[in-house]
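In the two complexes below, chain A is the common chain; its partner is chain B in one and chain C in the other.
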Partner chain A sequence: MSIGSSPIREDAAAKVTGQARYPADRTPPDAVVAKVVFTDQPHARLVSLDTSAASASPGVLAILTGADVAVNEYGLTLFDQPVFVSVEHTGRSSVRCDVSRWEADHLAVVVAETTEQADAAANFIEAEWEQLDVVADIDDALADDAPLLHAEDGLGSNAYHNYKIRKGDMQAGWARAAAVVEATYELPHQEHAYLQPEAGLAYIDDEGRVVVEVGGQWTHEDREQIAHALDLPEDRVRVIYPPIGGAFGGREDMSLQIVLALAAKTLHESGTDRPVVSQWSREESIVGHHKRHRGRIKARWGADADGKIVAIHNEAWLDAGAYNYTSNKVLGNCHIGQAGPYEVPNAHIDSHAVYTNSVPGGAFRGFGGPQAAFVAESQMNRLAHELGIDPVEIRRRNLLSDGSIGITQTPMPDGVTIREVVEACATEADFDSALGPAEVFSPFASLPPSPASLKRGRGIACALKNVGFSFGFPERCEATIVLHGEPDSGTPDRAELFHAGAEVGQGSHTAFLQMAAEATGIDLDKVEGRFSDTASSGDSGSASASRLTFMAGNSILGAAEEADRAWQEGHRPAVGHFRYVPPSTEPLDPETGICHPNFSYGYVAQVVELTVDTETGHIVIDRVVSTHDVGKAINPDLVVGQIEGAVVQAHGYTLSERLRVDDGRILNPRFSSYLIPGIADVPTEIKSVVLELADPRGPWGARGMAEMPYMTYAPAVIAALHDATGIWFETFPLTPDTVLARLGT
Partner chain B sequence: MIANEFEYRRPTTLPEATKYLAEHPGSVRVLAGGTDLVAALRDDAIAPDLVVDIKAIPDLNEIRLDGDTLHIGTLVTFTEIIESDLVAEHAPLLAEMAETVASPGIRNRATMVGNICSAVPSCDAGPVLLALDTTVHLTGPNGERSVDINDWFVGLRKTARTDDEVVTHLTIKLRKHSGVYVKLMRYAGEDLAQAAVGIVTYPDNTYKVTFGAVAPTPIRSSRIEETLSGKELSDELVAEVRAMVPDEISPITDIRATAEYRTHVTAVALDRGLWAARGRLRGDGPAYGTRLI
Partner chain C sequence: MQVGMTVNGEAHEADAEPRTLLVHHIREAVGLTGTNIGCDTSSCGACTIHIDGEPVKSCTMLAVQANGADITTIEGMAADDGTLHPMQQAFMENHGLQCGYCTPGMVMAATSLLQENPSPTEAEVRQGLEGNLCRCTGYHNIVKAVLAAAEGE
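The block that comes next holds the complex of A and B.
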């Protein structure tokens, strides 16, 4: 059996020995350097731009601006972002290009012999700006007199994307309520903080294609966007992903892809055939790519005396920042996630994505789900508290099961296992047991054994998260398997797998090879991977939405079957290609939200135990029990790796990471001022509980799981902190000063 | 990248070093560990015409005991403080403080003297050296001089050192004592202090009490010291000095903490620190190096 075991990762040796060459390690000897110049203007109109002095600066080969780009627009789901802010441009664009709406909008690219020369020349670019009122946040954006940041969309509001849920009879629901809980929650930004800042390499290959080697999450989507901006046929662009230093959703949108391609193409056309490299500093990375959305969600929930939910009324606003990125999609996920994994008879939910001059919000592990789960689970825990019902018991009375009608008024896809997950979590965490005395350790080491200032608490949260693209977004995944062997041999002796699915550190390629070995019956060490090159692989879709194991697994199963058929027919090598298309999904109905939003879900429950020092506000997370139905663990060690990694990432979101954005500018673009947890900060114990209850559509029953451990951590911590202190927190990160201010000590 | 260009000198003797330093008054910086200096250059926070690297000057990296005086050279790094047997035996408070500084990689380069020459409000060495009987020894064009640590910090990032002087070493007069350094940080990772408290106590129930990151410079509180002086520690006495803290410090609100939080936790740290210091003197306190908060 190749699946269900944990062989050493296919990339482990190269990564631990330093042999793996990440995008920043691939600079050819004759490369020139491209430096992206940000506008540094959260909101201003470009009056004039003079690059003549910069062009004359030593070592400069080219200065690229809006005048050099064929189609001055891009965007993953809406073309609402100019490649360059420019006074005038020759190409097409559906967005007004002379306005900088974000401090990291691109003004120009300097191409020079060396980094130092490019940096020096950038200082000579002269731009004259007319300052416009900065729309700093959601409140600014929704004010009556707010400037419209994208008037071209014709909506007359910065709240440019809106969803509704209208389900049941709210009045009848409220009439049955024995308890009502109401709160306004403020959700913070989060930075992806991947190890490797953006970097890449572009050149023209032997076939005249523009090649970009870069870290991303979806080779074919990168290719499409590059081709669009450069006005090239897609087959004239080739995207290759070398080893990628983390992504978490932060590489789903463009960073250097288009400008690198543009630079290589422009040089080539002017007779200079030299590769172009570019690399962002950490500060440029943090300022220059999107974040997890900050937002505000108002929630009013009612339950009857037995704890059954009778009505929920929510309104949510996500700060999309200056451009859409994937905000419309994130908003959809956040929208339906606000009902939690529960049967809700009556619901009224409005959700809005709002343009501001802040850093764009976009994809980040959980994709709008964590914000929604924080609210749903906080509301559920408050209802339990109000009604005096145990938090596990109140969930038993409300959880979805097979056949349940979901919040979008259609049946849940088969394989609803949230009940099993919650029960397993409560059992493994010994949820009903009394908490022991505060452990005396690390930050509290020298305190007396039972100091009055230490208090302990325990909390639970659970959630569902979709696997795969939602709301009718085209979903598919392709794989090719080639079987090799002698014409007269009965079984192939080796296989090749061609797949574009991105390895962003999660171990996807190892899992792909395991699944290919399993599907072909060939030993794992006889299966070779050819990965992440648009020239050799079909479209896999992105490494996102907890979808790759599910989607790639199904594509590999199909390709293996096709290859086997070819083998039986006598073809040598025997080639099998397959494009897996899952059950289709639908967009939300604009008035009611009715739809089949998703084709598969993963389920999670977490119990968190913590200790808080009520005299200092310091919190230590003593134990996390993270419970998941993964359907089938293709590689159990990698599953645990995802659980522990997601918990640590969520720990930073919940406890220490505070992005400071003032009037559209990020004030702390460094890890000395934006604090991701260190090893001494993370939970003392993370217990991973892995259930394998098959998803009927999953390959070998596997479900996606990579985002799920992130979903529930913040609400579980908040519940545990309430258990310890009696105070509900509506916002986080729970930095010591924030906690202490609320405790009032 | 460092945008500003500067001249770089690497003298091998002290007279040579002070000669260079005197060439660019007002626009010269001394390079020792470089962990503050290079960061400031990279940020364009400073733009000196000349940087004088003193690492090639011999004999500046010694830790030695001269009778009842501990000698610490200007190039001694925080790691060397942590690893020194002499420090462990005679002034373990220095090692307790050094272990809280940044990360091992930084501590391998950063010098303790450099820390008090940069003299940022949160410098970890400041409160501890102020609480010990420390003298700073300098040499300049006009010869050698020494400055009592109480006269060293003269303002935000300003010290008694003039631009043409090099600190050669510190001396610490030793007598029986115990001490505590409590450093509040935003998380357990590498961080500057939000607030810090240094305490040294002696068998006669006298104290030195110092604070970091809650005023423009590290400071000492003679009022609190006098209130504690000669008395056995008690809940009432601790409550009395805790109540004095807000008047003794002048914290600001910045990215690391609010002024209110700094004031509150400084009092908590003083409370817990006093008990720990007395316990250490009696022999039943927490081991050096354990965090009190």
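The block that comes next holds the complex of A and C.
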């Protein structure tokens, strides 16, 4: 069996020996350097731009601005962002180009012989700005006199995406409520902090194509956006992904892709055929790409005396920042996630994406789900507390099961296993047992531990997360398998798999090879991967939405079947190509939210045990039990790696990562001041419980799982902290000062 | 100015500006890109190398300060016949990496840790690797890999 085992990753040897060549490691000897110049203006109109002094600076080959872009706009789901802010509205574009709405909007690209020369020349670019009122946050954006950041959308409001759920009879629901819990939750930004800062290489290949080698999450989407801005046919652009140093959603949108392609093409057209490289510093990376959305969610939930939910009334606002990125999609996910994995008879939910001059919100592991799950699970735990019902028991009384009608008033896709997951989690965590005494700790060597101030607590949370694209987005995934062998041979000797699905560190390529070996019956070491090149592979869709194992697996199964048919017909080599299309989904009805939003879900439950020092506000997470239905673990060790990695990333979100954004500017764009967890900060006991209850549509039953362990950590910690202290926290990160302020000691 | 150093057993001479960081010198002048750059603030440890047997974040030194030094980078860890260093082998077998960007620095730091303390406890491994960040693995498999290497598994 090739699947269900954990062979060493196909890229492990290159990565432990330093041979893996990441985007910054591919600088050809004759390369020139491109430096992106940010506007450094959260909100201002460009009055004039003078690049003549910069152009005359030593070593400069070109200064590229808006005038050099054929179509000065881009965006993953809406073209609402100029490639460059520029005085003149040039080319075809619908967005207003002369206004900087974000400190990291691009003003120009300097192409020079060396990094030092590019940096020096950038200082000579002269821009004159007319300052505009900065829309700093959601409150600013919704004020009556707020400037409209995208008046071109014709909506007359910065709240530009608004979704509704209208289900049942709210009045009848409230009438049955024995307990009502109400709170306003404030959700923080989070920075992806992938270890590899943005970098890339562009050149013109032998066939005259513009080639970009860069880290991303969806080669074909990158190609589409480059082609759009440069006004080229897509087959004139080629995108290749080398080894990528992490992504987590942070590479879904453009960073260097368009500007690198533009620089290589412009140089080529002026007779200079030299490759172009570009690289961001950590500071440029943190300032220059989107974040997990900050937001505010008001929630009022009611349950009857048995703990059955009778009504929920929520309103959510996500700070989309200056441009949409994927906010409309993230908002949809956050919208339906606010009902949790529960049967809700009566619901009234409004969700809004709001433009501000802050850093854009966008894709990040969980994609709006974690914000929603934080609210839903906090509300559920509060109801349990109010009614005096055990938190596991109250979930039993409300959880979805096969045949349940979801919050969008359509049946859940078959294979609803949240009940099994919650039960397994409670059992494995021994949820009913008494917590032992606290282990004494001291956050500082100079501070003596104080056993009397330590309190322990335990909490649970559970959630569902969609697998694959939602709300009617055309979902598909392509694979090609080529079987090689002798003409008279009954079975092939070896196989090649062509697939564009991105390897961002999660191990996707290893899992693809395992699935290709399983599907063809060929030994794993005889299957070769040809990955992530738009010139050789069809569109795979993105490495996101916990979709790649599910989608790629189904495409590989189909390609193997096609290849086998060609083999039986005598073709050598035998080529099989397959495009997998899952069951279709639908957008939310604008008035009621009625739709079939998703075709598959993964399910998670977590129990967290912690100790809090009430004198210092320090929290230690003693134990995490993370329970998942993954359908089928294609590579069990990689599954556990995703669980541990996601839990620790959520640990940072919940406990330490505080992005400071003031008047549209990020104040701490460094690892020295934005604190992601180090090895000594993380929970030392993470118990991964992996169930394999098949998804009826999954390849070998597999479901997606990479986001799910992230979903429930924050609410489980908050529940445990309440258990320890009796206080419900409505916001995080739970840094010691935040905790101490609420404890009032 | 001219800077000379031994890198992975080979003598290397190159011109370096006085302000060039050692990590840039290794990547650009010596041409070894296995040593990665992950931050601007000496926070992440991705650029950890060995200088005269000691682990050093190579962004915390100037190239000229390494004049005459004996340097080992991740490329110099495997034996000449390609046999991996036990720490490299342990990271592979224990899935101690995902994206792999922190891995060279982790391997270099972990190797030094075991030189100082051949049989560390789990807590000592965590303490010893505090200067190296990883955003993918959650660190558990990294700890496992280092303990496995210590036990010679």
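Rule of thumb we're sticking to: the second predicted complex is superposed on the first by the 734 of 745 C-alpha atoms of A that agree within 3 Å, B and C clash if a C-alpha of one lies under 4 Å from a C-alpha of the other, contacts with A are read in each partner's own complex, and residues count from 1 in each chain.
Convention: a contact is a pair of C-beta atoms (placed from the backbone, for glycine too) under 8 Å apart; a residue touches a chain by one contact, two chains touch by 3 or more.
Every value quoted in this text rests on a predicted model; they were computed, and no experiment measured them.
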Touched partner set for A:638, first chain B, second chain C, both or neither: second
Contacts of A:736 with chain B and chain C, given as first, second, both or neither: first
Which of chain B and chain C A:22 touches, first, second, both or neither: second
Chain B versus chain C as contact partner of A:282, first or second or both or neither: second
A:244 touches, of chain B and chain C: first, second, both or neither? second
Partner touching more residues of chain A, whether chain B or chain C: C
Partner chain(s) touched by A:680 [first = chain B, second = chain C, both, neither]: both
Set intersection of chain A contacts, chain C complex versus chain B complex: 672, 678, 680
Chain A residues within the chain C interface of the complex: 6, 8-9, 11-22, 24-25, 192-197, 243-248, 281-283, 504-507, 637-638, 641, 643-649, 670-672, 676, 678-680, 682, 684, 686
Contact footprint of chain A on chain B as seen in their complex: 1, 3, 184, 186-191, 255, 257-258, 260-261, 264-265, 268, 272, 276, 285-286, 290-293
Chain C to chain A touching residues, read off their complex: 27, 32-44, 46, 73-75, 77-78, 84, 88-89, 91-93, 95, 97-104, 107, 122, 126-127, 129-130, 132-143
Residues of chain A touching chain B in the complex: 115-116, 119, 442-447, 613, 615-618, 655-656, 660, 667-668, 672-673, 675, 677-678, 680-681, 735-737, 740-741
